[in-house]
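First the structure, which I've put down as structure tokens, then a few questions once you've had a look.
We call the chains A, B, C and D, going by the order they appear; numbering starts again at 1 in every chain.
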């Protein structure tokens, strides 16, 4: 097992990304090592253990959220990395980008309330296939983290949803918890808040773990989640 | 009947989305793209068979809700042969 | 030349905006509205005079970027008389 | 191209008076052309010249050891320790937001952010002060929905958290809403950028988005009254592009770190005109610009249009001559236009070339220094009478009245609004909207910045001087209530037509009150904005001099919020003594909703005790003696206590006053008070005695769902919360 400090983590930065620094700070706090920020025009990635696509409004969310970012040069490198079984995590806008690249199935459409929504939500950790993103979290664990998005309403065909469900690819579902308001903030199918790929190596999620890394910021469940992932990837 | 409402930004109104998409297309090798304007295309199913009345009602919907007449223009298209 | 790309959601794909607009129109007294689907209408200025080639290039733009073919259909319209 | 000779008629259509036209002719010694006249009219508009307000703004206190940069630059700057400066300002976008609420509000946010990063600061937080018409007015829903999504649309996308603000509803804003946006940024104190041009011969660079025909003459429009006619004469609306705004912000901050920039100015109201004129005149120099080099979005734009366009996301800067290449590379990287368009000159003139000929050649002094300044007449102010509480109170139980008040839109939860704002991006938000002050951590340190915006227009209308002071005092309380030390303020003066003496009185007197309070509370004014002519068809808005305050807390671990944390904690009120068993109901929300809002004097503001109480609270929070604190504002003591219970999800048992007027006690809006929760009541009482601050016990937090006043009926906390949370969603969905 390698130590967390020796992990090589890249955070991709697109014009309009705005949670890149937050993610960098969170990861550095947990690993003691600053991840590298990789500009979208780069066409290759150094060998890495994890690629993270952070939240924000890449390319202004114009056309479709994540669409323009998914065609940026650096994405080819991410696809190669994923094809080699490399781990990839997308948060919020990063999740939208991953759907646009096809690394994960489905789409995120506009919230059912047609409004941007920023608040804490509670998610339930689901029983998933073997995945570094969930293996250190017990099924049924409740995590409270903020969401902040306008397009977080997960949609896929009935067949696709059934497949995700049966394969254990649903990682997080919105669940009633201490947070204010309805459990599902956006109308997402099957209350999906996060999914993993068929091989478990790619994850997309709407809640922002990097914003929930200490009690003064309103909670540490994001740190719990990230720590679990990092340890799994390091082992 | 089916009605199509096309909504476009008035001339001169900045379309940041169009600019960003055009730039991306250029970057992807579509150098021939000179400009893009993005509008909406709203397809309505309306329970009304009289074309004149349909047109008038849909115009009212555009003025009331569908278009932001300060910055947008709209046009109404009732496809033939319905 | 000018090209118009109409992008619409495939049948069966959820359209929260369309649903909400239809509901609002009903609430505003437009009871005759039965359903709405919202799509995009993208107007491109393209530096290409050969229609066949134009069509082919724009189709490629649609496949590469303009539409998400998992959930959207597109059609390309090159207005006459340009 | 020949253009018709300008006459007074042209000047009048741009909002200039006959005297002002005469002054232009005299200064120029000739007739201006269209472009020159446009430049004069923009620079002499109320918006750019402050011609009606300057006399009064000069009376505000602007100094203090904490002040690094007072009014006059793009934003004010105060020292927060550790070599850092908080840079902040508030600005209005009232008229554009009424015409197109989404874009108007979005560009308002974009504009205030540019003011802050122009100074070299990275923006850290946003706030907004909003005024809409009556909740049931036909336009309110549309305007509120549009403004809120526009604020979110810009702030969320650019990635700056919105951490606070305020909203009022009042029929006087039916035809003229107020949208004021405030931004707070952080910079190194020794790396603050200013706008004065330096060094004749240095290149003048245009960066950012291209120029189109957006919002031409927005500055003069913002200085004109509304009527149905202006509503139909809609100018091309400015469209915000937060994506380009974000790129511009990153590019400018990157460039500023490279030691290339000599001076920089954003293009806000009156675009290229005000930026070039201000840079040159502040530097005591001149400027020459070739308008053919200005990156344009549309074809065939005239000199007039290029100079007056209010296209967003643009900046003008003067660079060190040898830095141009470095700078260009940075802007290329961010895919932004970068264009040298002219140079600094020694002439003291603004010279513009278009199509190879001189399109404008005017001296700068008259544009700025000789701009008209008016001492407009005021009407005599007739004070509203002081009304005794027993003349308007009834014998209804406190519980009934409390539920009624909590059900009004005035006291409704603002959650529907602020959940549309990303309040947490940048991961330093310690308290977003929903408390007294927004609180953010200074990244990587234990220090925090607290901020709040406040104004109570009904007080200002009833007594402008008291109302002006009250706005400062309420902001001060909101900062103190989280445990922070107030530092300085910015202000946004929103009034009607200053040519009417009674409006002039409102403005002048409230500035006087604001100045007195700012001086007494040691919170000097470091920046601000004036928005006049907020009238529709001759009817003015309720006066609204908004105050935005910033404070600092040295150790964020000490900060408190409004929610008590456990049953058994003692609730006390600081700033009020036991004998106070009546209360000031004049101009209160109680009077508004239960007594038909009679004309009445507002509660007085006592600045010396205000400061004593505020400093006592800060000290006690710092010492760890206070668990939760909430200042007493709209709705009085009972509402304050109810809000604390709702935030905690806990009940409370409150002793009712002995005798006196129960409604006055519960709902009076006497100033200078805070409700706190503590485990250390004894220690607090002793400390208060020493500090000369009044304090008294109200009751105790209970582990139940019941808020109980004396022997009165218990009120369910859950029910109260359901009620306050339901009001705005019902308004917006209904």
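Everything that follows uses one rule, which is that a contact is a pair of C-beta atoms (placed from the backbone, for glycine too) under 8 Å apart; a residue touches a chain by one contact, two chains touch by 3 or more.
If you're wondering where the values come from, they're calculated on a predicted model, not measured in any experiment.
For the pairs A-B and A-D, the count of C-beta pairs in contact is higher at A-D. Mean C-alpha positions place chain A and chain D at a centre distance of 36 Å. Here the spacing of chain B and chain C, counted between their Cα centres, is 9 Å. Centre-to-centre separation between chain A and chain C, using Cα means, comes to 30 Å. For chain B, the set of residues that touch two or more other chains comprises 16, 20-21, 24, 28, 38. Those residues of chain A in touch with two or more other chains are numbered 59-60, 62-63, 68, 71.
Chain contacts: chain D has residues 241, 243-244, 335 touching two or more partner chains.
In summary, the structure contains touching chain pairs A-B, A-C, A-D, B-C, B-D.
Chain contact summary for the complex, chain B toward chain C: residues 6-8, 18, 21, 24-25, 28, 30, 32-48, 57, 60-61, 64-66. Considering their complex, residues 149, 152-153, 156-159, 241-244, 246-247, 334-335, 415, 418-430, 441, 556-557 of chain D touch chain A. Touching chain A in their complex are the following residues of chain B: 16-17, 20-21, 24, 28, 38. Chain A meets chain C in the complex at residues 63-64, 67-68, 71, 100, 107, 109-112, 114, 153, 155, 157, 187. Here chain D touches chain B in the complex through residues 99-100, 102-103, 209, 212-214, 234, 236-241, 243-244, 297-298, 311-312, 335, going by the rule given at the top.
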